[in-house]
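Listed below are the structures to be examined.
Note that chain A is present in both complexes that follow, paired respectively with chain B and with chain C.
Showing the complex of A and B:
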């Protein structure tokens, strides 16, 4: 354990101005990033945004066009993959088909010259609950079992950093959830830095300490799951992690730490420190579950909450724990509202006139144009 | 997102064991109908057996006549059973030397063709370089060109270069025509190999050399093995090309050809049958070993 903790303490990963171009196509823009030792770090982004490429540069399988990779403070940019203290769980596992499960797991130790591999291999297979299948070939395992072999094969080497490239992508929903918990448990147990690439926002949120959201080769925002969810700084982040309603506004002034704004003729407020944009135009975002919905006839005066009158329900769907309403605003925009099913108002059916209101502190402010690459880095 | 798009496993296969409606009992059908139904059920088996017989019948004739006690020089008509030829398989002048020559040439040309062909296959399968397309096309020339033409041209070439015919000219010729087959067999395997496997090996501390020896080569091995076996059998029984380039050297096929003019001792059948049995034994041993490995694994 002490050996692992020491490894963990030096498991910082630093990317310094790291970028990658294939020909004239730059798929990873120059990126500066620090991944703290011992953390569960998720890289989240849509398909083709450069996640795998970034991971491969850390592993040494892809040569960066510019920049450096530092692991535990040491510059490894020039080192080939087999000399880096890093192991990878590949997107499609890449298990050696000609070797048994046990020999797959023992591969790294043997290359490092270890002779007594039986003990550690057995231990590692127990950890991933495959102790009885060591003699099989990878082709004789289910997808979930292969995935666990891939994790065991990498973990047994006690790397300073474990890179996981969508390791759960091929699994069905149930197994996926189960493996998420398992990976999280293993990470806590061994204390190694995990860099986990995924395009599943739910997976990133449940597993990671820190999430980096990538878009078009750029890390748009970095933060804890709650941070990213509560205070997204770009439209992409606001919509990639959960759903957001985005309202165009015009700033009219400030008062006591709040921006005052005009939203299609309605006065609203937004905390200055929750706004990631300057200028007199700000897009206000509000999460669907933060909005209260009331039938127009039942609406009381809502104090100093942000409030929109004149909405009409155009659609409602019952999802069990909550009901999702689509409400058309007087200016024809449609807003999504999630309402918990505590006391359901049976008048809230399509066609009903409604009032929406929410706590101004729950809104967040974004720049009006989709953030360009350089703007996001500077922000 | 994809999670919700992934089709859920299970469920759809539940209760999958449908029972066919039971066919009408046999005794209710007329005799021709019954025969027809039997034929319909067994037609694949029947054709399989016929094809197998067609392929093995010549071998069985060779085997049978290895026990013949021929009357005169030619072993073409059955004259009586004897074990003489089996007891003394090399009891004909020249037969042993020709067999040894053939085995030597087959071993050496297999070795050279396999090593060279594997290297070529990796180059063609892995790297892009100038002339790659041309090489790929030219590889098929030795396979498609009539052997007589190739043998004659090679003979002309050796003659013009003033290289005297013999063991080495035969070897060069055999390596040449075996090469294409090895390349084709190995290349298929190389192209089918996931390049991620080599990256995984490097990620797990294997140097390029170790990666090649521990991952690349073992995975390509079945292709290399198939290519080598093919090369061996092609070389061992080649007659046409050898005949143009052999000089005084006599390989086993050439001995048989010569014997056919002078007379055919049953010893030829003995050695032919022995080759047949060795080949079958190799296949069976291989099969049994794979099966045993599979059983151990599960």
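Showing the complex of A and C:
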């Protein structure tokens, strides 16, 4: 293998059929995943969905029930953690209480036999803005400071893969943004593969090249932030990343690359290639900011836009850059609409009759839940 | 703590109801201390003063004793009995090391490997205490008896040849040798080593081991750099709890040893109860106490008190 090839592939992480069960409880379903070398990969998901467990299997701290972990093409499934070219920023920091902050950060370098650790440690501490606290013990630091020590302790080793388990959870918003930029900068500069677990969808969207959305031990969707936001493929993704309005529909036909459908008596269209479902039942999703809202009396004919008449505003809240409306549909479903505050129509107050319309190309189609009980109740 | 109290009061400014609570509670610490203080005064301070007085008396059993500030008793006692003192501390140190060597792996296994059997193992460690100290020590007389299985095996393995070279045994015997005394001390004080060790090992967060593993430390290095340093408070208190009572012990030397293995405790016992030379016995007690205090404080200073408190 040539030098270049090896360098290119050295930080690849491949999960092959990887799963984990505790007793009879499977917390990570068999997963196949490729994380390209040098990418910033975010894992997003609700609490308890198996994010930490997945990271621990990559780090070697948890033995997979099935499957393999490959790093840079090499199967490391059988390797103990200390032999893997991987470092972790632990969710609970796990700093060594008997060592000073500087010694905590130097720990990995010393194990690799480096003698001249003072320079790099100082640099690293400066990077996380803790240059003046190197002599303290971890117990004498605030939560956020401890978290930054944990980041520094892992980052200083320049591993091929850095696993970050909610590394910024304890920081205030300002410091969080700053650390996000810092991490992103380091990642681009050093070219380390980052696998970043987070609850915070905004963090995932702003930092990651690729996001994996996990739910109940399954990666539901994988893609770029824009991809996931514009074309979610499951209800969970549609609602976990931003908000979505979901409408139950019945397909009536196709025409010129569009699905034609009936939504509670209204005809609508949806591009076929934006639909992740087959069959005659499709759930149409539309983001609140993609919907235009007009007072019923001002509404003109909207060409071939999807349009719903007969809505009534039940709530409006002014958020500054935009106004959020809740509109009740004739079939009693409530739809959320975000309207930019450019030319505010003062008739748009609770109780006002309105018309909603949007570009059909902005909708996305999802499969109905396997158990269609909820749809049946609504209909 | 003391430094905090005034700050708290000062922070309250001039408001009366903020100043009130500390005033009301001021007598509470003393009340809580009182039983312990009374106990110490009656059973420690007074006897010690009486002993101190006795050690400075001269006279005999028939004529009676008289207080004469006779400090040279101390010097004479030390000159006559320094071999016993050296032996005391030597045996105690050997037993402490043995306890550490046996106790550390035991405590480690209970803390990290025993899982749900932890409780049972701890009970087993303490179980010997359910029988009397004397009976247990006597049992060792049987265990180490000449021609007993243990000694036979040790002889066959030529173990006794090695210990004889080191001056710990004589001939084919183990009983009535320094080795027997050290074995008895080790056995009797082992729980005092294991329990503090266990307590400090059990407190270590297993996630720290994971973090060390993650940072390229193999299990051996993880032990050296993380587990052992974090268990040092247990090592320090365990060695103190073993060494201090072991160096004052006389039962093991009396039952398992010979006249040549007498420890300071044996001399004190003989002087008090057989020879009835009370001043010398009292002086010996004080010398023993003083030496232990000196050694322990040197040790604690070296080991760093920070973690102990």
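The rule is simple: the second predicted complex is superposed on the first by the 357 of 379 C-alpha atoms of A that agree within 3 Å, B and C clash if a C-alpha of one lies under 4 Å from a C-alpha of the other, contacts with A are read in each partner's own complex, and residues count from 1 in each chain.
The rule is short, and it goes like this: contacts are C-beta pairs under 8 Å (C-beta built on N, C-alpha and C of every residue); 3 or more make two chains touch, one makes a residue touch a chain.
Everything numeric in this text was worked out from a predicted model, so none of it was measured.
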Overlay on chain A: chain C relative to chain B, clash or fit: clash
Superposition-derived comparison: chain B or chain C, residues of chain A touched: B
Touching partner for A:157 - first (chain B), second (chain C), both, neither: both
First, second, both or neither for A:176, with chain B first and chain C second: first
Chain B versus chain C as contact partner of A:135, first or second or both or neither: first
Touched partner set for A:112, first chain B, second chain C, both or neither: both
Partner chain in contact with A:97 - chain B first, chain C second, else both or neither: both
Residues of chain A contacting chain B in one complex and chain C in the other: 59-61, 80-82, 86-88, 90, 92, 94-98, 107-108, 111-112, 153-154, 157
Contact set on chain C toward chain A in their complex: 205, 207-208, 210-218, 221, 225-226, 229-230
Of all residues in chain A, those that touch chain B in their complex: 59-61, 80-83, 86-88, 90, 92, 94-98, 100, 107-108, 111-112, 135-137, 140, 153-154, 157, 169, 171-173, 176, 199-202
Residues of chain A defined as touching chain C within the complex: 59-61, 80-82, 86-88, 90, 92, 94-98, 107-108, 111-112, 153-154, 157
Interface residues, chain B side, partner chain A - complex: 1-4, 6-9, 194, 196-197, 199-207, 210, 214-215, 218-219, 221, 296-298
